[in-house]
Each structure stands twice: as structure tokens, then as C-alpha cells.
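Both complexes shown next keep chain A, but they swap its partner, so chain B is in the first and chain C is in the second.
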Partner chain A sequence: MIPETSPSDHDHDHDHAHDDHAPVVEGRPGYYDMMETAVRELFIEKGLITAGDIRRQIEVLDSRSPALGAAVVAKAWTDAAFRSRLLENGRRACEELGISFYDDTDLIVLENTETVHNLIVCTLCSCYPRPVLGLPPDWYKLKPYRSRAVVEPRKVLAEFGTVIPEDVEIRVSDSTATVRFLVLPCRPEGTDGWSEDRLASLVTRDAMIGVIPVTLPQEASR
Partner chain B sequence: MSIPDFVTRLPNDIGGLDAGPFQRVEHPLEPWEKRCHALADVLDLRKVINTEEKRKGVEALGEGLIAKLPYYERWIVTFANIAFTKHFFTPTELADKMTEVEARFTGELA
Partner chain C sequence: MATVFERVVTATGEKPAFAPGDRVKVGTRSPIGHYRVPQYLRGQTGEVLKVIEPSLIDNEEEGYGRNAGNRRHYYRISVPMPSLWPGYEGSPRDELQIEVYETWLERAA
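Right, the complex of A and B next:
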């Protein structure tokens, strides 16, 4: 049940989602903002979690970004043995690089090749390889991407400007609460001899979701 | 949604359904949204409420509420509902705590 103290600024009846006008009242937090504080404090008072747990987890969240995933990809491009270990067990290989998994999830790394292009989605909600990429973008959590990626991936990819040749198979992997995916994109041509750091600078979040390829800077601006 | 779909699909089960045009939207998290995310992670880590329980709890809000509440608003309402059903705390305790939290800000502004 929702507590009866209904938010006065939200009791109007309409159909659109509220993402576009979360109530911001200067100096006073919104209803759900206060509800988060109330719920969190009750869990703490009941001894189920501690304030320190929350503080530490906020630090963990702040420490995660696509830069971690990019480092993993660059390492896989330059170190064949690491690449095999990564494809064998994504989580263990990431942990080898010092990336801890704070959630109870497995990581399956999907390798793009000349004949296969991978795309990740979570049709049921918003499962995402957060330990290596940070939090997902809003579009990943919204209905159009979740519902369409699994039935018309070519069309969805085209909306990102990504055209996959007809003879390349597209594999869409649907994440769950305990199994997460990361795309290992194709290494772009013309990067022979590049250092890991330089390679990592090319790898973007969207490429590791599989909605765009990794390109050289001049290709992207073409 | 057709009638057979309505009875065979729960609200989160939207893979393959028709959906509107894709919009590439993103926003940086509000401070309370980040706290809510941290709360979700900690509840999972401490084996209080796991990720799948949370997902099912969101689904149990029903299609109407899911459509009206944004993402983290759904989560926090769900955590409260699960806390009631698992007897972690009662609706009255939450209502009292909400009043207390609200009073902190009213006091500040007065």
C-alpha cells in the first residue's frame, strides 16, 4: 500500500509518465525524495542495514563508469590470453583487473566478429552490467528499447545510426537479475600498435551495449 | 494489448510488444535517486530484499501505477510495500516517519 499522505502536487489524473516534470520545490524535497529518506531510516532503525552501508555503496556507485569496461575491452584486444579468460568467465576476468562485483551477478562477455553483432537489453526491467559500466542510460530502461530490441534489432540499431549488413547475424541477449552481458566490440582497423590506454579511449558505453560500433575519431565525425 | 496478452503477460513483460519511437533520453541522477539506487544495492547485499523480489514488487504495482510513476519512484514505493508484507515495518510506522521527515524541512523553512 502507498501511505495515505498523497502528494498534493501529484493527485491530478493524467496518462503521461512523470519523468518530464519531477516536482522540484525550492528548499523542500519532493514527496518521493522524503519517502526515500523515511524508508531508508526505518530499515536502519530496524537494524537491517546501516548508514555506513549506504554511504559506502554511494562511493561504489560513484566509482563505476564506462571507463572500466573500456579498459577491459582494450585489454582483451591486446592480450589474447586475457581475451580467452574474459570470454570464458567475464566476472572472474574483470575481477582479475581489480573490478569488484558488488552485486550477485555473473557476467557473460559477447564477442562481436565479422559475422556476428551482439546487442544487450533487459526486456523485463533494467538489468545491466553495472559493476563495469556504471548505471544504465534512461533509454535503456524505457519501453521502446526494451520491447523493440528483441523483435526488430536492425531497425532499432538503424535509429542509432548503426547499419548492420544483412549477412551479419544479430544476436540479442536479454539480461536477468543474476546474468548480465557486456559486448566486446570489434577492434577498429588502423589501430595496430596502439597502447591499451589509447585503444580504451575509443571504446564508448554505447559500443559495449552494442548499439554502435567502435570507430576512430575521424570516422565518427564523417 | 490484446485480451490474451493481457492475461498471459505481467506488466514488465514487454519484450516484442509494439512500442512507440525510440528516444535517446538520459539524465544525471538526482541525489535522492542515487541514494535510492544505493539503498536497493544494500538491501540486496544484506539479503533483505533481492533484485528479483524488487522487480516482482514493481510488477505488483500494476500497469496503471507503473505507467504513472517514474523509475526510482516505483522502486521506493515497492520497497515500502515489501517491507510491510515481510513485516520489517508497518504502514503506520512509515506514515509517522514521513511526518517526521517532512517536519524537518517545514521547521527549516519556518
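Right, the complex of A and C next:
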């Protein structure tokens, strides 16, 4: 591997002041940056894909965010028939709403209940329900979460401030190939009669990964 | 007397070998390549929860560009956490759920 160096790589045992307003100077591209550029240029040169295809795919990814997942959850909370279709076949139910599965993955929606708490992880890499949640958070892709979520899920959850009682079963789902998971959190109490939009505003990315429950704003700040 | 439909013979591997409720053991092989079975799962015994339909392109082969006709049955299985991790702390009912290709599974007692 080529070492990554840049003009800003130096020891900090000297006494000059750094200028906070200096422009960001990018160093030499790293090994994988160069490999990506080389492969991309080769593909375009050979006519396998175009620069427009790549730009378009970035647009596809950018159009996905936790707001989509939150809308799916809110609809499941308010529409019992949709909820059962969602639990039966997550992908098909999301497609009903117009969410496409551009990466041809399947989706299993995991229902949290009073007796079951679900947590999702990808120990092998960073499989994530991107079509409905967008890009995963960095911690989801890093070794500590990936390795510990399957071994000591209760400790990991406690570090997110989530303490699961002993009588609640924890189910950790580990993605291995073409199936992705989305946690359907419990609807918080005190939300009777709320509109779908208002309910969706409570549902966060972390709740759909399963590291926290959905709470009302005042509970979260306690 | 069997109907004409009941006499249809299916190709090898066309029907899933396992059904929900079946006990299965994950292989302990260590091949070199793009394998989607985490090391911690190899040799473990679990229960089939669901057959993921339709059968999927085997991405262990697809990783090397060999995807012609390599469809594999794919199963969601559950394994109790205490049997995966000796000394596991938590409820004995905690479990792992994970998908495994049929090529990695054998019937367990």
C-alpha cells in the first residue's frame, strides 16, 4: 500500500501557530482514491458507463434519507393493513409508496414489541437499507459496532442510552448478502390522533437501526 | 391416485431443501474467496425461520463474475446467543438472526 502523505503531515512538537482560516489543502490522493479514479476512467473510456451514469447514481443515493424510512414507519403506525403488508414483504410495501430498490436488495421489516427488541448490523461489511435510509452513519461501518453488536448487544445498546429489560428478548439481525433490515419501532404513548407527518417527525435514523426507541421530544431531553 | 401435477419431477436444487422449523448446522469450511458466512457462525446450529423467496443469485460466485444460473436457496435462521457466545450476558432468549445460503447448511438433529 502506498503511504498517504500530504504537505500537512508533520509533528506537532513545534511552536508555530496554525492559521484557522487557511484554505483546506488536499494532499496526494490515497491508494484507493487513485484506484477508484483509474477504474472509473477505464470504464468510461471503454464505453461501459458514462460520466452521466455516475452523476445520476449519486443523485439516486442523495435522494434517499431517513425521512423516507420515517414516513414508512409513521404509515405503518396509522394504517394496520399497510403495517401487515410491510411486515409480510418490506420491499413490496415500500415500492407501493414509490421507494425504488435500485440496488435490488430485499427488505425485512423487524417489528419491535413489548417483548422483542431488534437491532441491525452488518458484521462483514456495511450492508444497510440504503433505499429507505440513505447512507449509514460512520459508526455503523466501523469495527467496534460491527463486532460488538453481535457479541454484547445489551452493552452496545446501553452505550446509546438504551437499557433493555432482561425479560425483553434481543434479536440481532446480521446482513450477509441481499437482504436488508429496517426496524419498526414501538409507537410512543401519548401520540393518539397524531397525523402521519407529526408521527414521522419523531422517527429517527437510530431508532430504525434499533439502537434507540422512538420517544417524545420531552422524554429525549430528560 | 396422484394427479398429473403431483407427478411433476423437479430439478435438483429447484425446491428448497429446508423448511421453517428445521434444525440446520452451518458448515465449518474455510474456503478462500468472497464468502458471506461470518466466521463466528461456522459450525453453529440454528433453526430455519424463513425461506427467502425467490432463490437468489449466489453472490459468492457472482463476486468472481460467475453468475450464470447460480441461483441458490437462501434461508433466514436463528441461533440462540448463549450457544454462539460462551458466557453470554443477557436473556437466554436473546438470539441472532441471519441469512445463509443452502450450500452452507446441513440438516442437524
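Following the convention adopted for this analysis, the second predicted complex is superposed on the first by the 187 of 222 C-alpha atoms of A that agree within 3 Å, B and C clash if a C-alpha of one lies under 4 Å from a C-alpha of the other, contacts with A are read in each partner's own complex, and residues count from 1 in each chain.
Simple rule for what comes next: contacts are C-beta pairs under 8 Å (C-beta built on N, C-alpha and C of every residue); 3 or more make two chains touch, one makes a residue touch a chain.
Keep in mind that this is a model prediction, so the values were computed, not measured.
K.L.:
Go through the superposed model and pick first if A:79 touches only chain B, second if only chain C, both, or neither.
P.N.:
A:79: touches no partner chain.
K.L.:
Quick check for you: in the superposed arrangement, does A:174 touch first (chain B), second (chain C), both or neither?
P.N.:
both
K.L.:
With the two structures laid over each other on chain A, which partner does A:34 touch: chain B (first), chain C (second), both, or neither?
P.N.:
So A:34 only meets chain B here.
K.L.:
So, A:123: does it touch chain B (first), chain C (second), both, or neither?
P.N.:
Touch partners of A:123: chain B and chain C.
K.L.:
When the two structures are overlaid on chain A, which partner does A:166 contact: first (chain B), second (chain C), both, or neither?
P.N.:
second
K.L.:
With the two complexes superposed on chain A, say which partner A:88 touches: chain B (first), chain C (second), both, or neither.
P.N.:
neither
K.L.:
Scan A:150 for contacts with chain B and chain C and give back first, second, both or neither.
P.N.:
both
K.L.:
Once the structures are superposed on A, label A:197 by its partner contacts, choosing first (chain B), second (chain C), both or neither.
P.N.:
Once the two structures are laid over each other on A, A:197 reaches no partner at all.
K.L.:
Tell me which partner A:106 touches in the superposition: chain B (first), chain C (second), both or neither.
P.N.:
So A:106 only meets chain C here.
K.L.:
Could you figure out whether chain B or chain C reaches more residues of chain A?
P.N.:
B
K.L.:
Taking the two structures together, which residues of chain A meet both chain B and chain C?
P.N.:
After superposing on chain A, chain A residues 123-124, 150-151, 174, 177-178 contact both chain B and chain C.
K.L.:
For a test of understanding, state which residues of chain C touch chain A in their complex under the given definition.
P.N.:
Its residues touching chain A are 36-38, 40, 52, 56-57, 59, 74, 76, 78, 81, 84-85, 89-91, 93-101.
K.L.:
Enumerate the contact residues on chain A facing chain C in the complex.
P.N.:
106, 108, 123-124, 150-155, 166-179
K.L.:
Flag every residue of chain B that touches chain A in the complex, lowest number first.
P.N.:
Per the stated touch rule, the residues are 12-27, 29-30, 32, 34-39, 41-46, 48, 50-52, 55, 58, 67-73, 76-77, 79-81, 83-84, 88-89, 91, 93-95, 97-102, 105-106, 108-109.
K.L.:
Write out the stretch or stretches of chain A touching chain B in their complex.
P.N.:
The touching residues are 1-5, 15, 17-19, 22, 27-30, 32-43, 46, 48-49, 53-54, 57-58, 60-61, 102-104, 121, 123-127, 135, 137-139, 141-148, 150-151, 156, 159-160, 174, 177-178.
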